[in-house]
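Read from first to last, the chains carry the letters A, B, C, D and E; within each, the first residue is number 1.
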Amino acid sequence: MALAEIRDDYLGLVRRRRIYGGLLIVVFVAMMVSGFRLADDRNAGGFWQGLHQIGDFSAALVTEAAQKWTNLPGHMLAAVPALIETLNIALVATLIGCLAGTALSLAATRGLARWPRLVPVARRLSDIFRAIPEIVIALVLIFILGGGPVPAVIAIAVHTAGAMGKLFSEVNENVDLKPVEGLASVGATWSQRIWLGVIPQVAPNYLSYSLLRLEINIRASAILGFVGAGGIGYELRNAMTFGQGKFDQAAAIFLLLFATIVVVDQISGLARHRLTHGAPA
Amino acid sequence: MLDIRNATRLFGSKAAVDAVSFRVEGPAFVGIIGRSGAGKSTLLRMMNGLTPATSGQILVEGRDVAVLTGAAAREWQSHCAMIFQQFNLVPRMDVVSNVLHGILNRRSTLQTVLNLWPRADILRALAILDRLGIAEQAPKRAEALSGGQQQRVAIARALMQDPRIILADEPIASLDPMNAQIVMDTLKRINVEDGRMVIANLHTLDTARRYCDRVIGMRDGRVVFDGLPGQLTTGVARDIYGADADFNESATSTAIPTDTSADAEYAARMLA
Amino acid sequence: MSAATLEARTVALMDRKRRVALAVPAMILAYLIYAAISFDLAGLAQRARLDNAAVLLADAVSHKVHVTRDNRREALSVSVEGSARATYPAKRIPDWIATDGGRTTIALGRGHVVTYDGPVTTYDIPGYGPVTLTVGDEVTLTTPDGITPDFINAGPARVTITTDAGRVTATRARTETLRYFWGWELFFFDLSSPFSGLSPAQVLTTIVAGPPLVEGRSNLSLALSEFWTNDIWQHGAVAWAIFETVLMAFLGTFGAAFVALPLAFLAAQNFTPSRWLRFAVRRVFDFVRGVDALIFTIILSRAFGPGPLTGALAILLTDTGSFGKLFSEALENVDKKPIEGVQSTGANAIQRYRFGVIPQVMPVLISQVLYFLESNTRSATIIGAITGGGIGLMLTQAIQTTQDWEKVTYYILLIVVMVIAMDNLSGWLRRKLIRGD
Amino acid sequence: QEITEFRIGLLGGENAQDRMASNECLRAYAEEALGVPTRLFTPADYNGVIQGLLGGSLDMAWLGASAYAAVFVADEDAVEPVLVKTNMDGSYTYHSIGFARADSGITSLDDMQGRSFAFADPNSTSGFLIPNVELPEAGYSMTEGEYFSRIAFSGGHEQSIIGVVNGDFDAGVTWADGQGEWEDGYNSGALRKAADAGIVDMNDIVEIWKSSPIPEGPVVIRKALPDDVKQTMIDLVAAMHETDPECAYGIAAGETSGFTPVTHEEYETIIAIRRAEMN
Amino acid sequence: MLDIRNATRLFGSKAAVDAVSFRVEGPAFVGIIGRSGAGKSTLLRMMNGLTPATSGQILVEGRDVAVLTGAAAREWQSHCAMIFQQFNLVPRMDVVSNVLHGILNRRSTLQTVLNLWPRADILRALAILDRLGIAEQAPKRAEALSGGQQQRVAIARALMQDPRIILADEPIASLDPMNAQIVMDTLKRINVEDGRMVIANLHTLDTARRYCDRVIGMRDGRVVFDGLPGQLTTGVARDIYGADADFNESATSTAIPTDTSADAEYAARMLA
């Protein structure tokens, strides 16, 4: 190709890129700005008018908590059973969700599925499980089962099953099928092939994802408490929405919950690091 | 004992195995040769049941194993051991467990999944490993072994099955010449000492000549040669491989260096 | 190694594996049993109201028409779901209700007939006989055999008869008959619409060929606007609520990305030599991430009041923490070579970041941001439920008032479709932006 | 000073969109009277409205008595009560009603020893604040495990009713005007709504307790607003019953005999009770 | 033109470059050799300003560039091009953009950050690429190019700077012999045709001998040799590299095979 030709081609490319890039930026900025203005407009208070009050609530909370700091340990202790309930909700939901997600992912992976025709069904199923917000399932189940931890467990487990179904099936796609075929050749059943041929390969990845999920689910179970599904979120919401007068309790519960989340994050982070990078020698 | 009649397998409209028929009586060492794509692997997989046959019969002692499904098919597989080019072991599990997988079909799923192997099975697996000279490796993970050792573990798994037929799909193609010889010698020993039928896909003529009692040549899914190793002349080989006149078998040889002289002599005689 | 030791060692190894294989499921099982006990599963099984589930399922796919007689004013009204805004005008009462002076005959189908005759209500139940309810100072029940069967809940002042065909309730104040129908009634047009009561085919022919129902306006635009402003289903408001939810997710996610990007440099080891600054910024990230968006909505609603902006800002704050962490990790993995290359030509700091750093981390950043966009759409549903905006508020309120299960179903379907659509959109963008240049 | 916009917060146990629809007429009247854009907001719960009033992003709202107390306790200068809804008989009180399942054998609080009990929402006057004070005064301890085996917040009035009917709780409290008949769920209140909706058959539950009269929650208006704006809105709402009865019905969510002026003094008891609740 | 006086750089208490002084007049091709850790890279980086000098002066036309900071330092860098062993291009950007980075310092930040390069600059970049024979690659991403092509892009970026000095830090160490020759030839051409000073760290003697006008040997941060390529005897090389008697320079040679004979001859003559 002659230099002139290359030059024209490249200049054309630059022009196109500038037009597309410029357009993309203009569209994006327009979306952000108009979106912000729209939201600002639809909000009761405006962004600029409210900005100076942004710390008011926290200030009231902190002031009261500081005044009654002697109450904090007592409130914390009182919230421990609720915290344990929240942790149990998260742990049980993660366990059940990850087991169900494993089943879904196996059903959704071509080449491993017991019933290959159902692969698309399993995929759509995990998409739908993933798409339904936990709060929806929880609220419907509260109507049927009454309040308490079980609706929360089911709600989180369903969502976890969907999310893990997808993540795990991505792991499964990369599985080495040779051992599976080796087991098939000796007359192993489907469960034997999966358990002995697939699970050992994917277990570290599964575990790492499940730990990450546990962190997310602790948060989720605290949130579901907010809508009446028990646990520490429920206590926190009651204290916070009572307002002035119970802010010390709110602060105590919040600190407890926050500390728990940080601790679990750290532990699971370390465990995941070990899973992906091997144990320190 | 083994009677294959018009065994055919279509993939789409293409026949990978095309009306193959042959009979094998007694514990022969049968080699199947043919160039890449000839249908050797498919044929073996059909015998084992990994790939269902489109039509035709595979009679073993009078029973058609090609029509079996479900538990019956798995029961047949448990008597028909398969050895793969890439060994197909479970890499993260130890050697003994891999050998024990040979009897998965005869123990309950729960028992095997929970690793509840009877002591007698474990001892038998060890004995087989010992016979193949790799008992020392028993507690190691399969992935930690060399290729030749892994293939011997695969053979041990096959022996664990106590099979009537051992099918070996290019068992030495991923091995260096040194290991290749050990593996072929092992297979031959099983064939001779235990009297088990071995059918092996091989991609080198010299190996076929040295170890087989009978050689079947396949081309485009059909059997184009069926005879004694001694009948495998260069012309026949050219025919099987569809090669032109400058076909040079040493290009595909995996014989270990010390043996080349013997081979070269043999080849020279045959090609003369 | 002798054969015997080898054997012993192997058997021991298999024993160990066996113990692990048994212990792990056993531990999980034990934990689940403990959880079942602590969650009082047995008690829950007793308390569970499967009839509620049945009501919910039935109501999700059906609707009921209330035929109500006000016993004090002696007036009759017919409405869908008992809603004042879905009351049939007197002239357009459905044909299975016949009124004739003080006497009203309601056919519930399959031979079930309810008659209001002044204060006396008669329910003729096939295979059982007529049941009479007389409203006076009390509600008097008369059954054919004089016994009160299971399907009648009778008190001195209130009697309810529930059958497969419908439900009749009488109190001193009013007598009400409920008839159930399949489907979502009035989904397209409410009762005040000129299209109401027309079959789909009739609506289509009206739109395509009919004379204008309203002067100077095409029937199509009229139909669309009638649908959009449907008083019962409020499609316009619902669409707006969905948009508001997506808007919260969009503003929150991208806003957070913009805030987090410069801060992430401060938290990255290779860009911020000061350990203390790094430590401080990281703890800030951890903090805003650990405080959930829901708590931020409460905190922020003091400053900004209810509305989508508050929700968007709550997402923005939380995600600033998440992005800060993820971005700073991405930044710590950048290759120094291109930076040094650009630096050696005399580029200033901004240029070094723009050309040395941004092109390297961009794929990771975009991928993370889009991943969060999808997941935030789901979070925005919940946040809206608390802060008062979007489809989440509509959904939670519909659930909490426990009446409109068909609307609950509708909202859930819309939410699922919305999230799946966002999932696909973000996947498509990821592929477009990262693979293509 | 001038206002550029007027914002009304709406509360209640109705669908957000239904609330919007029933108050749309008020919005239109207000816009006309004030000459500035007027908008309605429907936060999910009491807290949203309380925060909006405290932060100044809402100008007017109709609160529960306890929620008003919460605002007052947090900031005395935030809002002032101006009007209150009156019942058909002219009173402006209602009651907290304790109820249980008819087949449980519970007929009064005396039968509740060792049973579970549900409040509605911590910011609810009838669903928490009043019973939480009046029950201990009557000798029933509100410390969990002392008299009642379990005390919980169901989350709202509907949830309390469903919870009791489902058997999650042995008894609960909710609100009713105390007028009309029990079998109808009284003339208005959460029980009436639930009975009308078919959630509960009033034959299945019994009243086990009734509080002393509680003042209706006030319509409050932000103190910082210009006086003429306040007056315009007060006049508008007060006269609504005359000018547009249908609209008044929508705003009050039922039959009333109108809105009548009210002052802060009416709520001092409630505020005192609420202060006592604080840790 | 370039006058380095007692340039010193300490890392901790260790002197990576220790009182280095030399002068270069006119457009010479200077090679710096020395074993790993001798301080070659540090010296080049000090000249460019990537690593500040601890003490000493680096005078370019009388101005001390070692004391410059901020905008002045960047202005100097824009006249002093640097070529790296690993090319140090922006891999995800296209070749022309990478070349344009050479004039980042001379265009406004806003303009460059938005990628709004003037047409004339783009044309000049293309012309430079054409001169180096890689114009065809202009629209490709840098990461899609071979090592030799990438290094030529790096040279193009250097030329784009229109530099007074080109510093090349082991420019051919990551390249195969074929590409290495192309790159060295290119540098030599620039040196000869454009009359630009080139200072290159080299780790092979034969390259230094073939391309350089002058060779500086460093050891432990100090200059231990400064002379013509012809003066680079085996003894001197042993000295520079701190090697013992069995030093064999072919071990480090990257010369392409066709040239080896000439080199071997040269080496034999030198080592004789």
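By definition in this document, a contact is a pair of C-beta atoms (placed from the backbone, for glycine too) under 8 Å apart; a residue touches a chain by one contact, two chains touch by 3 or more.
Computed from a predicted model, the values in this text were never measured in an experiment.
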Chain labels contacting subunit C and also subunit D: A
Required steps from subunit A to subunit C (each step between touching chains, minimum): 1
Pair of chains with maximal C-beta contact number: A-C
Angle, in degrees to the nearest 5, of the Cα rotation that carries subunit B onto subunit E: 170
Identifier of the chain whose CA centre is least distant from the whole-structure CA centre: A
Rounded Å distance, subunit C centre to subunit E centre (Cα mean): 65
Length of the line joining the C-alpha centres of subunit B and subunit C, rounded to whole Å: 59
Subunit A and subunit D, separation of their C-alpha mean positions in angstrom: 36
Contacts with 2+ other chains: residues of subunit C: 47, 49, 52, 298, 301-307, 385-386, 396, 400, 402
Residues of subunit E engaged with two or more neighbouring chains: none
Interface hub residues of subunit D, defined as touching at least two other chains: 7, 9, 41, 45, 47, 51-52, 54-55, 57-58, 155, 159, 162, 166-168
Chain pairs that touch, as defined at the top of this document: A-B, A-C, A-D, A-E, B-C, C-D, C-E
Subunit B to subunit A touching residues, read off their complex: 48, 50, 73-78, 81-82, 84, 86-93, 101-105, 109, 112-113, 154, 157, 161
Subunit E residues touching subunit A - in the complex, by the definition given at the top: 96, 115-117, 119, 122-123, 126-127, 130, 135-136, 138-139
Partner subunit E, residues of subunit C touching it in the complex: 337-338, 340-348, 350-351, 354-356, 359-360, 362, 437
Residues of subunit D touching subunit A in the complex: 7, 9, 39, 41, 45-47, 50-52, 54-58, 70, 73-74, 121-123, 152-155, 159, 162-163, 166-168, 274-275, 277-279
Residues of subunit D defined as touching subunit C within the complex: 7, 9, 13-17, 20-21, 41-45, 47-49, 51-52, 54-55, 57-58, 155-156, 158-159, 162, 166-168, 180-184, 196-199, 201-204
